[in-house]
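Labels run A, B, C and D following the written order; every chain starts at residue 1.
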Amino acid sequence: MSRRRPLPAARPALAPATRILAPTRPAPAEIPAAEVDLTVDLGRGLVLPNPILVASGTFGYGVEYGEVVDVDRLGGICCKGTTLRARIGNPTPRVTETPGGMLNSIGLQNPGVDALIEKYAATWMTWRTPVLVNVAGESVHEYVEVVRRLDGVPGVAGIELNISCPNVGMGGLQFAIDAGAAGEVTAAVRRATDLPLLVKLSPNVADIRPIARAIADAGADALTAINTLSGIAVAPDRRRPLLGNVYGGLSGPAVKPVALRIVYEAAQVVKIPVIAIGGVTELADVLDFLAVGAVAVQVGTAIFADPTLPLRLVDELAIECSRRGMATYRDLIGSALPARTGRPSAKGVEYRP
Amino acid sequence: MRPAAAELVDSREILPGQWLQAYHAPDLAVGSRAGQFVHVRTGDFSGMVLRRPFSLNTVDAATGTVTIHFRVFGRGTEWFTRLRPGDQIDLFGPLGRPFEVDPRSRHLLLVAGGLGIAGVRMLADEAIRAGRQVTLLFGAASAREVYPSTLLPDEVEYVVATDDGSLGHRGFVTALVPDYEAWADQAFACGPAPMLAALARLAAGRRGRLGVAKLGRKRGGGRTDPTGSPAARRKAFLQVSMEQNMGCAVGACLGCVVMTMSGTPQRVCREGPVFAAEEIAWEGGW
Amino acid sequence: MSRRRPLPAARPALAPATRILAPTRPAPAEIPAAEVDLTVDLGRGLVLPNPILVASGTFGYGVEYGEVVDVDRLGGICCKGTTLRARIGNPTPRVTETPGGMLNSIGLQNPGVDALIEKYAATWMTWRTPVLVNVAGESVHEYVEVVRRLDGVPGVAGIELNISCPNVGMGGLQFAIDAGAAGEVTAAVRRATDLPLLVKLSPNVADIRPIARAIADAGADALTAINTLSGIAVAPDRRRPLLGNVYGGLSGPAVKPVALRIVYEAAQVVKIPVIAIGGVTELADVLDFLAVGAVAVQVGTAIFADPTLPLRLVDELAIECSRRGMATYRDLIGSALPARTGRPSAKGVEYRP
Amino acid sequence: MRPAAAELVDSREILPGQWLQAYHAPDLAVGSRAGQFVHVRTGDFSGMVLRRPFSLNTVDAATGTVTIHFRVFGRGTEWFTRLRPGDQIDLFGPLGRPFEVDPRSRHLLLVAGGLGIAGVRMLADEAIRAGRQVTLLFGAASAREVYPSTLLPDEVEYVVATDDGSLGHRGFVTALVPDYEAWADQAFACGPAPMLAALARLAAGRRGRLGVAKLGRKRGGGRTDPTGSPAARRKAFLQVSMEQNMGCAVGACLGCVVMTMSGTPQRVCREGPVFAAEEIAWEGGW
């Protein structure tokens, strides 16, 4: 700085003080990363070791990535959707990439609940990580029946209800798009089991809030959100839609803004915890979802690109808390929510482009 | 099977729109077998969320080099062509089940349609190393898409068919197969689904045409291996390498299934990509 | 091929014949690109010179990109949303990038319909390209009033109704999410003008089909789809949502699978033309949307990255038709739709992940 | 104003996380003025759909070179750092309205907070070329973030403030301004919004403190130029370069507005990025 001219005598900063670059905050007392409390208490005895779960349908039954991922360090595993009877699923192709995302239409291929229990429950029992069975059905009865068979099975830590399924009793309308149907199936399952009960929201609705409320009122222990957005792709020859089933579910980074919105809205209208899903690919995404009120996140599509991501996120979250002097990650939850959440805003519906 | 950093060593367009890339990936180069594949990640900043599956085209354990041979089809393959030697990339593998050669097989017939060559190329190396005789039947649309013989081991008998007759036999490569039906102890194929289906039909009729299948006759009424097991496949006359769009490539997402004769979908990434032809429900079944 | 062994005598291909590589089709008689018919007749005298329009809100009033784009080669221009009175719009930030897309919450900043007419109509009149005025409002009365003022104004070629606005008469529910309200506002506007009337669908609904039908039945000349998906982003400090208005509309390539689905569904239940919008960035996207039944497409977000894209698409579409021996691009429309569209499928609702 | 291919010539990290890149872009290098900006496209295969705005940091008409100086902030800026000399990129510009220097101004005070230096850097060149005296007040958090004086023309008087006092004045750069209030004919600033707001408050009080503003006094009661016009801005003591997230950068999307005292939002990309300080409603106004 050779040409710096002699400075006038230092004087007090002008009022009001302005900050030119990020203020150098007093360094917080650092907490060793290993000591940061990452546990998530979802009630009914279900305590996740950390808030990073893997999403249903993207991590199979927890065993497939066995050679690559130490499952015992995950916060939780939501297994592939399970139905009463075995299903062979949809015709192929079943997956395709889309800009910043992917479409899938697996069609709930699964061996049925009894085979599931026989094949996997014993293995799950040996894991420290809770396994939540994702349950699907086409009638309230089917859901109840599946859950009843899972009730009391060692190795099954809880239920995640996938209600984005057609309700044959209601002319094929999905349970998830109707507050009444969503509440009804939740209540019925609630009566059938004392297992921790998570219910998964669909983003394919005009207003999530009445649906979230109905599910909470019906006795769910937590909400998970979001399931996929309904979309299609076109075959290269353009003679038909690409997916064997025509329709697929859109997931991945592309849907993150929608997932953030749904979590933000749901977190303001229910008292039960909300677990976020949708486009998590890095720590920033985890922090964003916590900020809008999620208590935990699930990683889905991103696992396909990087199976080691979920465990890295666990480590990075601990380090982030440590760096910021936080003894628990829970201090990160809800920082971006409006201060008074008493009167739910009508903004979600009032959105104008 | 791990995501592993690999460094691009060489990248060449060997045919119009078809690239051969060599990567330094010592972990992959040891223990991989013909028929297996890798799942390759695209660039970090891309809107491309899925990896891309490619057959292990060749592996050289001595130098730690693996090659893939691919056609520029969409965004992902286009992106790979832009890599320069020295660039790092993430290859996940080896994945899937390999071709299973019966120890008694002396004569192997490989059948490749177009890019399908990448699926059987490595089997030629393995077979020759094991002292077997290999004939490769190769089909393409025209001469300009014919795989260069210089990229094949000298020991391989190489027979070409082109749709337009601009090189070799005029017509489909499947038309060449009957000539080798008796000679071949086993056949291994990779290519478009209709080609594989036609080969499967040929293979199914073979036993009748030849009287008794050469392989398996000594076994008499002994125990049968469960369908889809390596042992059962090892006995199959025709093994095919299948393709399906993939999500995870480890069996977790059920994205990549093919329907089998048993009525249960099987995962190309886990039970496959190599199947015994008779396992596959060629007409679908959903 | 030195080592090729002498071939056995040629013999007929085995039956059934198999095709190893893409069949070499007989080359179609080539039509010069300049002679391909790209015109789109939307009825009521509105004929677009070609099926590539620019989307409302992304091309201002057609004058802003003047130095970069020859507007007179566009198929049509949808101008920024226009209301009865001037609006200053939403607080900033108003736009942000998301994976494969962007969020915007402009809040309908516009000078009001009278100022719009005064400022732009005379210029529009000199253009060969039809300008459609995108109209927004908070009550049926407001929509009708805006359209009445536009009726008969030279330079105004038609109306695109943006019904993703809160209906104050219905407690803030958007017109676009309710078949009754959507039909009502369409019918009222229809009575007020003979201008070509396009109505824009919102994707933020559980089932688009009853809404599309209600709009068609109410007398719209065409549907446009889709408007943006509702989403949010989080500020870098995570103390609030990023956008000044909290909520924003998601657009860009990320939403293309959703747009394809909505167009695919709408095209099967209405007889009026559907114009597709959502994530168009290259010719393949245009062809995809035509394949699922769109008669034209609008380009929005992609203009920001490449203002020259819409005109390039016009050229490329003509070349594509020429290459394929098509005298009109209309032969591309609907190729991926189910053959019999008589009984509308319930699949959109039945979607299962 | 056109999207134009530009070739990266040089790319250097001049400060931690801050890069200076030189592009060969002859069309841009001619006719661009200080205060204008370019809108830069990210890679084709990326999930990044928006361009990124950067101030024209310097232009050299003789060599056809323009430079941008940026901080790695998110995905886009990170991506730019990966470019290598010879890579082509699409720079759209010049965009926006430039700083307007009153022809009578002899002493120009430039005030830059951190990266704000990129917004006023070119004005130093222009002013010196026009024979004006330039003092640059620069503020940063600490010495390691101070813009290297070697990158400034020798003629510039360079005064530094750091928040922690590790170099130059300890405290905010705004604290240095009163010393130059009388000397300066006009001031031009770029930096964080709170800094600009503080400067605007200072500027508003200046007339009172100095008795009569130096500029404009000769005009007496003459005609007033319309707010926001180049002529009106030319008379303003303080001009500021504003930032807002952008969509189109040509005035089409209304994404980038700032609220003005008149109650109408103005577009940073079209009416700005340079505004007279008194045009801006510093407290917002929605």
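Note that in this section a contact is a pair of C-beta atoms (placed from the backbone, for glycine too) under 8 Å apart; a residue touches a chain by one contact, two chains touch by 3 or more.
Nothing here was measured: the structure is a model prediction, and the numbers come from that model.
Two chain pairs are in question, A-D and A-B; the one with more C-beta pairs in contact is A-B. Comparing the CA-atom centres of all chains against that of chain D, the greatest distance is found for B. In this assembly, the C-alpha centroid of chain A lies 43 Å from the C-alpha centroid of chain D.
For the pair chain A and chain C, the distance between mean C-alpha positions equals 32 Å.
Once the centre of each chain is set as its mean CA position, chain A and chain B turn out to be 38 Å apart. Centre-to-centre spacing of chain B and chain D amounts to 59 Å, using the average Cα coordinate of each chain.
Annotation for chain A: residues touching 2 or more other chains are 57, 99-101, 104, 106, 252-254. Multi-chain contact residues, meaning those touching two or more other chains, occur in chain B at positions 47-48. Against chain A, in their complex, chain B makes its touches with residues 1-3, 41, 47-51, 76, 244-259, 263-265, 270, 284, 286. Residues of chain A that touch chain C in their complex: 57, 81, 98-101, 103-108, 136, 162, 164-166, 171-174, 177, 204-207, 227-235, 238-241, 246-250, 252-258, 260-261, 264, 279, 281, 287-288, 291-292, 332, 335-336, 346-353.
If you check the complex, the residues on chain C that touch chain D are 57-60, 64-65, 67-68, 80, 88-97, 99-102, 104, 106, 109, 244, 252-254, 301-308.
Touching chain B in their complex are the following residues of chain C: 1-5, 7-8, 10-11, 13-14, 16-22, 24, 99-100, 253. In the complex of the two chains, the chain D residues touching chain A come out as 47, 113-114, 139-142, 145-146, 149, 154, 156-160, 163-164, 167-176, 178-179, 191-192, 194-195, 197-198, 202.
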